[in-house]
Amino acid sequence: MNNPAKDAAGAPRRTIDIVQSSLKRRYARERRFRLLGATAVVLGMSFVALLFADIILKGYTAFQQTYIQLPIELAAEAIDPDGTRDPAVLARADYMKPIREALREQFPEVTDRGDRRLLNSMISVGAPDLLRERVMADPQLIGTTQELWILADDDIDMLVKGHIDREAAEGDRRVKDQMIGWIDRLDAEGRVAKHFNTIFFTHGTSREPELAGIAGALMGSFYTLVLTLSLSFPIGVGAALYLEEFAPKNRWTDLIEVNINNLAAVPSIVFGLLGLAVFIAFFGVPRSTPLVAALVLTLMTLPTIIIASRAALKSVPPSIREAALGVGASPLQTQFHHVLPLAMPGMLTGTIIGMAQALGETAPLLMIGMIAFIVDIPKGFTDAATVLPVQIFLWADSPERGFVERTSAAILVLLAFLFVMNLAAVLLRRRFERRW
Amino acid sequence: MYSWILMLVVLAVMAGAYQLGRRRAIASAGGPKHIKQLHSLPTYYGLYAALWAGIPALLLMGLWSGFQDRILIALVTAKLPPAMLDGLSDGRLSLLVSDIRNLATGNIVSAEVTPEIQAAADQYARLGVIAQWSMWAAVLAVALAGMAYAWMRTRPQMRARNRVESIFSIIMIIFSSIAILTTLGIVLSVLFESLLFFQKVSPLEFFFGTNWSPQIALRADQVGASGAFGAIPLFTGTLMVSVIAMLVAVPIGLLSAIYLSEYANRHVRSTAKPILEVLAGIPTVVYGFFAALTVAPFIRSLGASMGLDVASESALAAGLVMGVMIIPFVSSLSDDVINAVPQSLRDGSYALGATQSETIRRVVIPAALPGIVGGILLAVSRAIGETMIVVMAAGLAANLTANPLDSVTTVTVQIVTLLTGDQEFDSAKTLAAFALGLTLFLVTLTLNVIALSIVRKYREQYE
Amino acid sequence: RDTIYIVGSSTVFPFSTAVAETFGRTGKFKTPKVESTGTGGGMKLFCGGVGVDHPDITNASRAMKASEFEACQEAGVKEITEVKIGFDGIAIANSKSAEPWDLSLKDVYLALAKDIPDGKGGFMANPNKTWKDVNAELPDLKIEVLGPPPTSGTRDAFVELAMEGGCNSIPEIKDLKKSDEKKHKAVCQGIREDGAYIEAGENDNLIVQKLVANPSALGIFGYSFLDQNTDKVQGAKIDGVEPTYDTISDGSYPISRSLYFYVKKAHVGTIPGIEEYVKEFTSDKAWGPDGYLADKGLIALPDEERAAVAEAAQSLKSMEKPAK
Amino acid sequence: MNTLVEVMDKTTGAISSADLAKDRHSTATVGDITVADPRITCRNVDVWYGAKQAIRGVSLDIGKNEVLSMIGPSGCGKSTFLRCLNRMNDTIDGCRVTGSIRLDGQDIYDKGLDPVPLRAQVGMVFQKPNPFPKSIYENVAYGPRIHGLTNNKAELDELVEGSLQKAGLWNEVKDRLDQPGTGLSGGQQQRLCIARTIAVSPEVILMDEPCSALDPIATAIIEELIDELRANYSIAIVTHSMQQAARVSQRTAYFHLGDLIEVGETNQIFTNPQHRLTEDYITGRFG
Amino acid sequence: MNTLVEVMDKTTGAISSADLAKDRHSTATVGDITVADPRITCRNVDVWYGAKQAIRGVSLDIGKNEVLSMIGPSGCGKSTFLRCLNRMNDTIDGCRVTGSIRLDGQDIYDKGLDPVPLRAQVGMVFQKPNPFPKSIYENVAYGPRIHGLTNNKAELDELVEGSLQKAGLWNEVKDRLDQPGTGLSGGQQQRLCIARTIAVSPEVILMDEPCSALDPIATAIIEELIDELRANYSIAIVTHSMQQAARVSQRTAYFHLGDLIEVGETNQIFTNPQHRLTEDYITGRFG
């Protein structure tokens, strides 16, 4: 009837024939499209896999640390001559000496001064501190001789983990032939072992790879992000709500909209400049603190959250708003009871991405003093701190070989942090998702 | 530390005020059976009271905490012997104060403690305690006064909901204005230095020059201290890297979003989406290494095998990796808006005999377009503003080229290197960073104005 | 504030932090906070004024300039103690999997300069594409050198020591210095921008790894990275001298620079621990040839100089205004 | 003047229009627009969608305890007019309303007027059923909740059940009150929306084709409900079924292309229309 | 058994049901479900929404050149059944269809069968109008475009105009074909959706209350259209108006709570229903 398509003879053709005739082509297109989509997902996922594989392969060894077992004589005369067990006295004692002596006993043949130095250098400079902690925690040890696992130097660690090429000429590696011999001998006696690297998770950073830990940066990131999230989510959602749902559409709101879009394109380091000029110089917020970092990152992530939230609000059908207004709900009630829950997945997506960005950002923090060597683990928003990406940046720039794996391990920690952070949001988002 | 406790106390007062306000409202209406008499739900009277109890008190607390120390210091230093203060610069004074403070809080002090300092420290500590308690008293008084005020005003006719809502509206307006303030802040924090820069380098050269080479201008005592500050190559470099990144991110992101929201089952979608989102959180330093050590050499050797001359730091490598990073900006945001398209529209299309891909391309995507464009714009913005990847992978050579296999540099890279390198007071080189920042800001602003008007034109609404 | 606040050079950062950590470990004082801001950035902060908001110490991979000193004075930072802490050799290295290089400063100059003498008394844009073009004895490899960007202190030192040194080994340019100093500088200090010299950013690890991936390239970076990566890269001989601890220390290796830190005397006595920090830094167990800083790649000063500097540093002797 | 008129021309030929010398082109309202005790009074209401005028100078009263039905061809502006009465048009971008609309003498387009209590007072059932994507129970309970109409869960349960029962939906959904309201059939959704509206006991109820998706029995229940509600409230109903208009309403208004053509006693309108266009439309029902 | 039955009990009392000894509780289909030349044959169709069964063992034929109307109380499964016939239920999560449905002998739920040409052949007008958020023109042109039914713009224009005209919408929208279809009134949207469906000339057309938002005149136009289409195609129409069913259809099927209760000649169903439930429903129309 309605169908203008005619066959060769001029008689009307059935739609279905036309459909059938082109169907093959359309299906080819359908398959191509679907394949494209699947390829895109696979590609995206394989990027993730590739990056992860790369990081994990480089970093997993950092979760273990080489220790050397030595019979340490904790002579009472040396550590606590008066037998008071006064912590102050215990803390002051020299713990390096018993370690060195124990090591020397293992290799009595080493007498040359230079060789002794070499021998001593197999032990981490942090070993005595660890020993001190141990003794102070358990003063019973004083006066006994214990087989203790002593932290090895980073070069030894690298050697044991195979990151140093034994075949290379002696001059080409930091570990001398002699040391390799000693380590092999200790190893044969079962005195060399890799233990789980607790230091990495409990200590702040250090110049020595074997003593360097991620705890300080992790806490710094934690404080920073808690604050960033609690500022940027309500502000972002509030601003999006206002602009999308309440604001009159006029020049002023256009200006705000353009501004927000534009802020998204501002290089993050410029936010650092802003933080420096406004928060630090003008408001006197202390430098290098999670507080100032959070303020800067909040401004940086706001555009992401606002733009995502507005897109989400736009996609809520107007009939829902009408229904609510129609039973006498106020605009604010309409938003909070009906529109926000439906827009929440998109808002959470914006938040997830914004927070991810904040967690991984380095550049603006360079400007506000976060790129610093801070050993102490921060205990609040105004303690000097650094954050994970900056720590990664610093370690990646360190010459010591031991930092290579630690850099990757730190990235893994950051990603784990990201996962934990996102998990809540992702689960929440899944709860809000629905089609109508 | 004390202020945290006080904050909690104020929150507790707010909670109390909420309860009281509610009860009072119910009572004023004549019991729970008559709440219909009230203008608003009792909750709103509660909120009204809570806000009255909380907001002024918290404001006062903020102000007090901001000024307390300054006032204390002023009081303490006023008591110091004038001889000690004579001719002391502000900085030295602050050192002295720091000393007093260290002493008062029991921190390590390095110099020997003079009696005056000790006295000042004691006074500081004493005043500190007094001030703390007065703050407690004042803040609590204001909180209670606010609560009382709300209490007195609570009567059935009071438009509590409207009042609470207007407070919320004001808060939301303040939130939206933060964007403007930020913009203002950015402009102010780069404007002064930019102007200084333009006094040294003519804007004409900066905007239209094609040669960027701050190296000769490295030091004042070096030759031709002006250097070459033509920013064109930086902008073309930024453009090229961003375009390459978008060529990666938009197709992959959009197609993933489509696949995940339309084809994949729930299970795949709910795992794949967060995984892709991880891409946005990997530190850019990591991408930088990846681009520089894996992708760039690969492209180079690939190019060599095809007889192409590829720079070891090609724009292509940086752009590709950056594209990977911004995939989630496109994929996740698009996925959400695509998912929000009402099913009835899809049904309408299927019922006409459309295939799934036709439905997606011709009905779903157009309906979701405003949101998708938002996501893409965000991704573009991110690409323009990204730094680290390009620093590590694309290098710093300012080539004016259209060949993606060449190395280029971007505005952001130059800003970072100029600002983090060996800076110098007032040299054109350091100031150039600010001028670049300002220019980029203005350029993207213009682009956004254009984008907004285009998006406006093509906005579609359904239902 | 009860912690020392240190800013400055990224080159000195590893040494400064090592000292800070050891200093903190002794337990009496808190571990200082060390920020890596670059030498210039550090100077800017350091010379910002006196007071708790301003740093106490700044590290520098070059000596303080007169202009910076003046800025300091203007801001009320009157008395400054300069401490020279040692040397940093700048290595030109390549991958271990390739042949080691043997270059003269002149080769370096001719390979990397923007303009070189055209032999007719004038100058021309550097036409050399391969090392063989530079010097017939060198291999026929494309010139490809990864080095720091113009904004870095390392680059500064490289230009001053290597380029200018090579430059002056050409007699006609040496003469130029007397006649037209400006021109001389332009010629000697300009680095080519046609892709032969690749500005590779400030991350030296990245350069090392890029060298491993590309055996025909050369890279310019600090000695500590060479020291840590002896199994991957090897330093080129410059004028016949290999970059080793000893050659840098005794000054026979031509491209090395001095490292410094500067102490704000006004803060001594109020910020706790500054004197002790300086003492720790200038103790032999730190900066001596067998000290822990040597292990980190710092090349110690000669013994007498070290003693003299330590003496001056510990007594916090104020510096004079630098000559330039 | 279009299809409609053409069609109607064809059909009215058969009917005696002897005494009617009515001008088909006059758009002035015929009949008495006022009532003795009005709740809503509209005067000269114009509505524009952007540049397009959808309602032209409509003046009309809605009285206490009366059901006013609005009829007219599709697209003539019935929904538009209805939505003016509780300011639902505020939500449409570019929609402009002029003239005066008063509820109990109070101008509802007054700047200072808060549309929220207005909408609680003037409830609305929309033409396209739009349940919230929440459970059936929540759909109905929402209004009473925000207005605090009940004091406890038991009362609320009772109110929800009562409303659903009045809308004739209770038996169908009582076992699945926690299921989403969007999973109901078309007619069920429509009744859900009616239940949702009456749950807040508005004093004026605007119903836009409330029975369009309902079978005769369900329609009967709703009509019964309307009749019952009339005792206390005012109701304006848009309907396409003239039988329904005749059954439920006391007064009827006929709209045509944005104009209010005629208004009067329902009886009179259906038996003795004064305007040619009204007559055409009424008689066309058999077409 | 619920409100519905209670209401109907009240109303049927007045009517003589002398010779009917029908079992109100039997759910077996009464009447001849088959036709001479069927296009669609359904046998034992069950439909489940999750655990809820919406259709129980329905067997029914739809013949060539016939209009089959489906009636029944709201929520009885009419839309559900209709949506089975072109597999629109595929898009509902948790909806399961069993039994056999054949189009020209071909099982449409066959694994290998492609729903795309099926849907081009079996068109559908939904209960809730769902225009695309595109221009009016694009709404109608969409189907012909994807199937490539026209060869050039002129042909397409003609087809769009023709379809809109048949749906009785042309005159109202001809000046604003480029305006969004979502900005139309309820009835206009419904007609737009009809135009959209007939633009692809499906051979079987499923219409779910196509006239629910239409005034009598527009209804008449659609009914005329249906009559015209019947010459070549098969049509299944869900309607709540028994008059409409009587006017347009040759056969009528009565659904009740998911069961097909009775099917037969329209005349016979309305004058002499065989099943007690059918009778209750039919006579209830005056309730």
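Worth a mention:
Should a chain be cited, it is by its letter among A, B, C, D and E, assigned in written order, with residues numbered from 1 in that chain.
FYI, a contact is a pair of C-beta atoms (placed from the backbone, for glycine too) under 8 Å apart; a residue touches a chain by one contact, two chains touch by 3 or more.
Model, not experiment: these values are computed from the prediction.
Path length between chain C and chain D in the chain contact graph, taken as the least number of steps between touching chains: 2. Both chain A and chain E are touched by B, D.
Taking the mean of each chain's C-alpha atoms as its centre, the chain lying closest to the overall protein C-alpha centroid is B. Look at the CA centroids: the one farthest from the centroid of chain B belongs to E. Counting C-beta pairs in contact, the chain pair with the highest total is A-B. Rounded to whole angstrom units, the spacing between the C-alpha centres of chain A and chain D is 59. Taking the mean of the C-alpha atoms as each chain's centre, chain D and chain E sit 27 Å apart. Centroids built from CA atoms put chain C at 32 Å from chain A. Between chain B and chain E the centroid-to-centroid distance comes to 55 Å (mean Cα coordinates, whole Å). Counting only residues that touch two or more partner chains, chain D has 116-117, 128, 146-147. Shown for chain A are the residues that touch two or more other chains, namely 19, 26-27, 318-319, 330-331, 342, 396, 436.
Residue positions of chain B touching 2 or more other chains, listed in rising order: 161, 289, 342-343, 353, 355, 358, 419-420, 461-463.
Inter-chain contacts occur between A-B, A-C, A-D, A-E, B-C, B-D, B-E, D-E. By the touch rule above, chain D contacts chain E in their complex via residues 2-4, 7-8, 49, 71-75, 77, 79-80, 127-129, 168, 170-172, 176, 183-188, 190-191, 208-209, 212-221, 240, 242, 281, 284-287. Within the complex formed with chain E, the chain A residues making contact are 1-5, 14-16, 18-20, 22-23, 26-27. Chain C meets chain A in the complex at residues 3, 10, 13-14, 16-18, 20-22, 24-25, 27, 30-31, 33-37, 53, 96, 202-205, 222, 224-225, 227-231, 290, 292, 295-297.
The part of chain E that touches chain A in the complex is made up of residues 114, 116-117, 120-121, 146-151, 155, 158-159, 162-163, 166, 198-203, 228-229, 231-232.
Interface residues of chain D facing chain B in the complex, by the touch rule stated above, are 114, 116-117, 146-149, 151.
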